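Okay, got some structures for you below.
You will see two complexes here that share subunit A, one where it goes with subunit B and one where it goes with subunit C.
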Partner chain A sequence: MIEKGKISALQMGIMMHPAIIATAILLVPAITAHHANQDMWISPIWASLTGFVTVYIAILLHNYYPQQTVIEYSEQIVGKFFGKIVGFIFLLFYLHTNGIIIREYGEFIVGNFFVRTPLIFVMGSMIFVCALAVRGGVEVIARLSEMIVPVVIIVIVFFIILLIPDMNITNMLPVMEKGIFPSIKGAIIPQSWFSEFFLIAFFLPYVADQENRKKWAIMSVVAVLFTLFLVNITVLFVLGNITARFVYPVMSAVRYVSIADFLEHLEAFVMAIWVAGAFLKISVFYYVFVLGTAQWLRLSDYRLLVFPSGFLLLVFAVWTAPNLMELSLFLGTTVPFYLDSVQTIIPSFLLLIAKWRNKMRDEQK
Partner chain B sequence: MNKYKKRKKCVIYFFICVNCLFLSGCWDRTEINDLALVTGIGIDQKGKDVMLTVQLIVPKLLGAGTSMNGSNTGGGGATIVRSGTGKTLADAIANLQEKLPRRLFWGHVKAIVFGEKAAEAGIRPHMDFLSRNPQMRLRSNVLVASGTAKSVLELLPPIEQSSAEVMRELSKSEILMNATLKDVLQMLSDDTRAAALPMVKILPVEKGKTKLETIPFINGTAIFKKDKMIGSIGDKLTRGVLWLRNEIKQANITVSVKGVKGKITATIIHAHTQLIPKYEKGSWKMVVNITSQDDILLNATNFSLYNEQHIHRLEKELARATTARVEAALQKVQKEMNADILGFADAFHRKYPKEWNRVKKRWDEIFPTIEVTVKTKITIQRPGMNTTPQGIPAEEVEK
Partner chain C sequence: MKIEFLLGSSIVVVLICLLEWPRFQRAHKKEKATFLVLLGLGMALAAALIYKPDLPGPSQLVDYMFRPFARMLKL
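What follows is the complex of A and B.
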């Protein structure tokens, strides 16, 4: 195995939390609100179904090939040639998706805080930091998550508490005015974020306590669901009918905090937690891409790939979209099909074929 | 081996030094002494153009003690105003920036004031700019000046640092209307598109003070329909509107009881208003249920308020006065102005979503015809510190 580190199942669960949340609370709440209006708090519940299904698929696949990542076992499932193609699709996908993530992060920072700083500098410096973490290996990323994620969660909860005086519960009424469909429509975008849970297929082989892996993977989905639910309901209670009018509703809501005239202007904290969250998310995707490439090319080490692929990521981040409007349109239209088809549908085909193969083998015996 | 270690050390030092370069900041670094901190924005209509007035903090005067600038007239003088004109608000900012040596910084805007003319011409184009700018805060209070916005912002209040701060504190006290930028955006984006903003007037200057040494104060409410101001109501009617909107926090009610000379004032401790919409056979009805717990504040009569029957009589009088106040507000806002700032549309929307969606396009026709019944129930809890009225002989007290 290329990666010699070992992580615990709990660490894997913690690591997945920012890997979903970090960008799911940037542009997504506005898109959800646009479709679901006052039912936007229900949408994460529907959306999480994809998360549970994806985790289930990843774990079943892992049970057949406990020592391998998806890049390796896809060759065993569909043969060497097609396996390489499937692996290539995954790698290209993670490269591109990570480009989108980096772009979202950069757009957020530049749009809100550093209006005159070149986007490429903001993204480039983040990729550089992530590259150092990725070179450290899976253990380093896992431990960083253990350090950062609790802080991020505490700050989010802190913001929600501070916003309680400004919440107006009647904003959520009437519940399901136009039936169940607006909330399901609103769930289409967030559910594709949940499909990113397929990332655990790359981490499962390095989990030390295999007996807990299912528990913590599911717990992680629940935690993400809960966070998204809380964030959405807070934004809805504070901003109400104008949620969809803001590019970053969560940011706008947090900037609204004002307690006793001095506890205000808190956006620096928002920026801090988002930079930390985005750092983890980009690192996880970056690591998966680099490790996958090394396995795909059958290299003995992935470290030499880290910096070159960093440049590639930067280029992809720039290429993704010419401006924020197009990025948001892309996220609101293409992305759900894109993310789902690679991270949920391809794995489920792999699983079906693997099942069929195992059955054949058992019958032959 | 040793050589290798040394080289490694060199590389580490090199990286630490390079890091310092990155830590120092970015392109957007601006020193505080290059910024002009804006505390208040005033928007006036000047012919076809927009005139923007900003209230800026003068940092030198803010920190200095009174002994340092004894020659300074009065305690104020911590702010100055500057204006710029242009076709749009953003255009006016560019014009204004030409006249300022420092870069305008919008992160500390406390109050946004519209001049009456600008409000009548429509506030939506300005609202868009105010919510789009990443420095601006949704928490800023929005008000309408009964003259020009500039005349309000240039005041130098004696106690607070700036007139913007005065307006923010007055808005927050919630005695009359209080609207933040977020609230205004919500009201304008609603299906009814009616909005209510606090209206400020300038307190007349005391004798011996300079012309600017006074404060703006909130007195009345400006009513907007489709982002244009269509009229205003005074502070009494505003209070009636606040009752209907369930936003009343502080109010005193003064009444006289039948057959008793003098007045009695009660103050609200808790108040709650419930709107109960009813839709029956094509007719829209609304029951307004007001409940309130009051304390006695003042009793100028010889009427003992330590008597339960007297209290019940008083409660009825108070309820009647409140109902009259609310009905007067309804008459003006519902019948005359036809502006649904009372939350009726929301109440119907919540209870009868289907029926409401059918008529929401022609809500303007329905709203004035809604039959409103006001039911008020006021209970007096405590008489204050006095049992029977003070300052008169015991025989004269009507027990």
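What follows is the complex of A and C.
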């Protein structure tokens, strides 16, 4: 095996939390609000269904091939040639998605805080930091997330408590005014973020306590669901039916914090937790891409590939969209189908074929 | 302006090579090849994007492939 590190199932679960949340609370709440209006707090509940299904698929596939990642076992499931093609789709997908993530992060930082800093510099410095983490291997990323995630969660909870005076519960009324469908339509975007739980297929072979893996993977989905639910309901209570008009609703909601004219302008904290979360998210995707490439080409070490991939990532981040509006439109229209079809539908086909193959083998015996 | 960006990306590529030189020497042939191919791919794409920023990319492909679904659900 290329990666010699071992992580615990709990660490894997913690690592997945920022890997979903970090960008799911940037642009997504506005898109959800656009479709679901005052029902946007129900949408994460529907959305999490994809998360549970994806985790279930990844774990079943892992049970068939316990020592391998998806890049390796897809060759065994659909044969060498088609397996390589499936692997290539995954690699290209993670490269492109990571480009989108880095661009989202860069646009957020440049748009809100570093107005005069070139976008390329913001993205490049983030990629450099992530490259150092990825070079450390899976253990380093897991420990970093163990360190950062509790802080992120505490700060989010802290903000929700500070926003309580500004909340207006009547904003959520009437609940399900136009039936159940607006909330389901609002869930289309967040549910594709939940499909990113397929990333665990790359980490499951390195989990030391295999008996807990299912528990913590499911717990991680529940934690993400709960965080998204809390964030959406807070934004809804504070901003009401104008949520859809903001680019970054959570950011705008936090600007409302004003306790005794003393505790104000807390956006810097939001930026701090988002930089930390985005760092983990980009590192996880980056690591998966580098490890996958090394496994796809059957190399013995992946560390040499880290910096060249980083440069490629930077180019992809520039390439994905010409500006923030196009990026937001892209995320709101076709990206959900893209994320779902690669991370949920392709694996479910792999699972079906693997099942059929194992059945055939048992019958031959 | 364009030449500056080109120069900048070349400097990044050279820096990566310098930084990885000790590890590069110890690596197997296959890893060396992958390293150079990835770096060359990055540099070629960067150069292409500097001179043609509107180059259609994977995002356009995805947009083209999944547009019917998005239209069906009126997103």
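Rule of thumb we're sticking to: the second predicted complex is superposed on the first by the 365 of 365 C-alpha atoms of A that agree within 3 Å, B and C clash if a C-alpha of one lies under 4 Å from a C-alpha of the other, contacts with A are read in each partner's own complex, and residues count from 1 in each chain.
The criterion applied here is as follows: a contact is a pair of C-beta atoms (placed from the backbone, for glycine too) under 8 Å apart; a residue touches a chain by one contact, two chains touch by 3 or more.
This is a predicted model, so every value here is computed, not measured.
K.L.:
After the alignment on subunit A, I want to confirm one thing: do subunit B and subunit C clash, or do they fit together?
P.N.:
Subunit B and subunit C fit side by side in the superposed model.
K.L.:
Angle at subunit A, subunit B to subunit C, CA centres, as a multiple of 10°?
P.N.:
Given the fit on chain A C-alpha atoms, the answer is 110 degrees.
K.L.:
Of the partners subunit B and subunit C, which touch A:Leu304 in the superposed model: first, second, both, neither?
P.N.:
Second partner only.
K.L.:
Given the touch rule stated above, what does A:Leu239 touch, subunit B (first), subunit C (second), both, or neither?
P.N.:
first
K.L.:
So, does A:Pro322 touch the first partner subunit B, the second partner subunit C, both, or neither?
P.N.:
second
K.L.:
With the two complexes superposed on chain A, say which partner A:Asn112 touches: subunit B (first), subunit C (second), both, or neither.
P.N.:
first
K.L.:
Given the superposition on chain A, which partner contacts more residues in subunit A: subunit B or subunit C?
P.N.:
Greater contact footprint in residues on subunit A: C.
K.L.:
Quick check on the superposed model: minimum Cα to Cα separation from subunit B to subunit C, whole Å please.
P.N.:
Checking C-alpha atoms only, subunit B sits 10 Å from subunit C at its nearest point.
K.L.:
Enumerate the residues of subunit A that count as touching subunit B in its complex and touching subunit C in the other.
P.N.:
After superposing on chain A, no subunit A residue contacts both subunit B and subunit C.
K.L.:
In the complex formed with subunit B, which residues of subunit A make contact?
P.N.:
Touch residues, subunit A against subunit B: 111-118, 121, 125, 170, 173-174, 177, 238-242, 245-246, 252, 255-256, 258, 264-265.
K.L.:
State the interface residues of subunit C toward subunit A in the complex, per the touch definition above.
P.N.:
9, 12-13, 16, 19-20, 23-24, 27-28, 30-32, 34-35, 38-39, 41-43, 45-46, 49, 53-55, 57-59, 62-63, 65-67, 69-70, 73, 75
K.L.:
So in the complex, which bits of subunit A are touching subunit C?
P.N.:
35, 92, 96, 100, 124, 185, 188, 293-294, 297-301, 303-305, 307-309, 311-312, 314-316, 318-322, 330, 332-338, 341
K.L.:
Which bits of subunit B are touching subunit A when the two form their complex?
P.N.:
Those in contact with subunit A are residues 22, 26-28, 107, 131, 134, 137-139, 180, 182, 185-186, 189-190, 346, 349-351, 353.
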